[in-house]
Amino acid sequence: MCRWAAYTGAPIFVEEIVSRPGHSLIHQSHCATECLSAINADGFGLAWYGEREEPGLYRDVMPAWSDPNLRSLVAQVKSRMFLAHVRASTGTATSRNNCHPFAVGRWSFMHNGQVGGYDAFRRDAEMLIPDALYPQRKGATDSEALFLTALGEGLATDPRGALERAVAKFEALSRQKGAAPHIRLTAALSDGVRLYAVRYATDDHSPTLYHRWSPTRGGRAVVSEPLESGECWEQVPPGSFCVFENDAVEIVPFCPAPLAAAA
Amino acid sequence: MCRWAAYTGAPIFVEEIVSRPGHSLIHQSHCATECLSAINADGFGLAWYGEREEPGLYRDVMPAWSDPNLRSLVAQVKSRMFLAHVRASTGTATSRNNCHPFAVGRWSFMHNGQVGGYDAFRRDAEMLIPDALYPQRKGATDSEALFLTALGEGLATDPRGALERAVAKFEALSRQKGAAPHIRLTAALSDGVRLYAVRYATDDHSPTLYHRWSPTRGGRAVVSEPLESGECWEQVPPGSFCVFENDAVEIVPFCPAPLAAAA
Amino acid sequence: MCRWAAYTGAPIFVEEIVSRPGHSLIHQSHCATECLSAINADGFGLAWYGEREEPGLYRDVMPAWSDPNLRSLVAQVKSRMFLAHVRASTGTATSRNNCHPFAVGRWSFMHNGQVGGYDAFRRDAEMLIPDALYPQRKGATDSEALFLTALGEGLATDPRGALERAVAKFEALSRQKGAAPHIRLTAALSDGVRLYAVRYATDDHSPTLYHRWSPTRGGRAVVSEPLESGECWEQVPPGSFCVFENDAVEIVPFCPAPLAAAA
Amino acid sequence: MCRWAAYTGAPIFVEEIVSRPGHSLIHQSHCATECLSAINADGFGLAWYGEREEPGLYRDVMPAWSDPNLRSLVAQVKSRMFLAHVRASTGTATSRNNCHPFAVGRWSFMHNGQVGGYDAFRRDAEMLIPDALYPQRKGATDSEALFLTALGEGLATDPRGALERAVAKFEALSRQKGAAPHIRLTAALSDGVRLYAVRYATDDHSPTLYHRWSPTRGGRAVVSEPLESGECWEQVPPGSFCVFENDAVEIVPFCPAPLAAAA
């Protein structure tokens, strides 16, 4: 399990989400409260959108709290759209290429959760990635494979559908060769224009997902757990796909169709 | 506050102390129980004695639990004397040169605790280091400065006296320019022949210090907190200096003499 | 292109190969002479055999010349069989999981060379790795994929044949989807008992491969370029598979059979 | 010896200096031509000024050419004033805190050159740093000590004078306790408003220093060696202190006054 926070709206210094709030993402890297592991110290990452179509990407393997580069970067960089993540490995090595977010072209993606028994079918899962995207496979995580599979399923034109199809394929593999719980996931993704988030599980234990519009800031934070206590955060129900654009929120069902076989 | 474990006796794989026990040092790197911070993830280090007079030294900035090099090294290396440390920074940067143990010539040294208000007199403390030892000053910690000062006070010929004099000087600086609590320290050090440990504080909160002889193993572990519950560990009283050689234990008072001024 | 050196014989400090000779492996990390890139600074690695069946593994992403951990390790560790490597990336990321040697069970493997147009068929190459070995796929290099494929082809019982079959499959993929030159390779591998090396290319530019028995040391070094000028090194001819056991050398042809299709 | 490049002018993507030119700073990290070591791979750093008074700081220990974070950062960040550096250690450890630039408050500083026999008087040199600045002493380089000494000499109000006094003190220490050549230095520094550079040596071998105004870009690059061959770069004569503000250049003599004794 990991923790993450995303933002879309008027440009703000990234530190306003990542390090300044009382229960900021960096605070959550050693004191998370709404997930199994309080410690999320197996690397971190930031994808931010600025003047280019492609996001900037900064990832490293130290705990987020101990990296002076990160502290400096989030204090300097203003962004209208960014994704930030602190990692608690569920087994895969601590390496930069296994840190979230992942970025391909204009898209960035980060994930919290698990795919049950993934080690038993990692090879099958990687086979779901199309040849054209395979050079983007840099690490060994289920998360990166899911992202690349979703890109192959048409993420650019049909984000919800593509992600449903990708998750359905992973779910089928887990049912066939893996173990329960098959899928527990929250994820955030962006093309630099809209911010998307999803909350889904094959059992009753969906990871939590919240969002909050700040009128003073003119932007919205989307998070795996609230950044401040005492604030009013809206919880997204399980089985939801969210589209955040400017101050608008659209929340629709997220229903990966059961598949007979995976590949 | 940090956690550490040392060993002297018949050669064992280092992992028998560092990673195998139920509450091994690596377990303590995320779940320490007898110190303020449960998380000791700001780097780690190992000094071990083998076929040379000088110890080997392996230190890195990741959490100890996530470094495959460490896992491999402690599974391969057998040693009759070693010091291992997991770090929780009290402010100084997470960098290899700030990781314990420190090693100079045949000596190695590691430390847990604090020197009150150190930042206000770091320059004075570094001035206590003799010119000949100054090239060994690699990082910025109070611990390394204390070790080098003790070496300058004659650690090689009078370990207890030299450490008392060094601590007295640091204590005087803290009283003069720093803040309470002035000194809280446990430390372990070795010349490759004997293992020494010290427990001391200027107030009633000495960090804990334990040791235990294993007859099956033919060796002794000296630790900041026990490696297994249910075992019988002997606690060292505050204000003690310990000498461990073969199966013998000598525990004598550790009494840094009050000093009027530091430098 | 990379540089590497291996040793088998009476136990020696690893530094006697890695850092002490005039043109040691660390010297070659910035001044290699017999390959295209003089600089091999994209990480390094060491696999050594000691008291266990499995080798120890130490790899990191810095240049070999600047890592104090490596310097200390090779000064302390004595080994009767080890493989050491300095890397010049041909495109893949500089990450620990992309550093040689690779180790699975008792086997270790390191490689210098290229597989022509690998990016275009990496997915096909990874499909050659059997399911049971797939969890060992940690990085993204052609070298690791070749090693795992060879393990799947029966490296443990038929080293030459397994490596020939694995190389034949990679060669077929390169002819089908990649680019010339299809294969240029030297590699060293070991099961902890014997040291194997191979030199092969599909064109006239096999990377160099040398070995030399030292009677004073009682051991043999096998290298991609000589460790000292003025010494008498034997060059292995292209298309050779070498078995080094104690002071014996067996050199036989290495002839991957042409394959019609890859998978 | 190291290589560096600085820029002041209309905001540009940092990559236009650091990675895009034919002989960019990253190219110089493995193929420098105007200094003793062609390889400058012992870490790198970037200080850039954006919306805050203090610069952002990004430094790491890998070779500049192999860090994807750096590549992404310089492609995203636009800046009107920045300093970038690739390091070839002259002995000090490869660690982030030894990487240039150094930053304190609004000031940043980077250096190429040497202080003769520094190890013999490092302690004396550090004593030149005032107490108030001593907490900023993070590493062990002569460069950082020189910068902090210059800050203590009044860099903020009298840049040339403060740097002359600091260099004079280092030169006196080198003459007294060190070795020839006593000082060879080029350095660049900034308060976020002006860019300063200095070229000086106690012998005839000042490191090179060039600058060039780009009318198309509306900015000036100041470098240790030209970024493109075929362009017209102006060389700064030895013993010079340069002030670059907007498109204006002021070059005045830099004459550290001989000192009898250092401290």
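First chain written, first letter: the chains are A, B, C and D, and each begins at residue 1.
Please note the rule applied: contacts are C-beta pairs under 8 Å (C-beta built on N, C-alpha and C of every residue); 3 or more make two chains touch, one makes a residue touch a chain.
All of these numbers come straight from a predicted model, not from anything done at the bench.
Novice: Which chains, if any, touch subunit C and subunit D both?
Specialist: A, B
Novice: Would you mind telling me which chain pair, A-D or A-B, is linked by more contacting C-beta pairs?
Specialist: A-D
Novice: If you average the CA atoms of subunit A and of subunit C, how far apart do the two points sit, in angstrom?
Specialist: 38
Novice: With chain centres defined as C-alpha means, what is the inter-centre distance between subunit A and subunit B in Å?
Specialist: Here subunit A and subunit B have centroids separated by 40 Å.
Novice: Residues of subunit D touching 2+ other chains?
Specialist: Correct list: 68, 93, 96.
Novice: In their complex, what parts of subunit D are in touch with subunit C?
Specialist: 30, 39, 41-42, 61-63, 66-68, 89, 93-94
Novice: Where on subunit A does subunit D make contact in their complex?
Specialist: Those in contact with subunit D are residues 48, 50-52, 54-60, 68-69, 72-73, 75-78, 96.
Novice: Write out the stretch or stretches of subunit D touching subunit B in their complex.
Specialist: Answer in residue numbers: 93, 95-97, 119, 122-123, 126-127, 129, 131, 134-135, 137-140.
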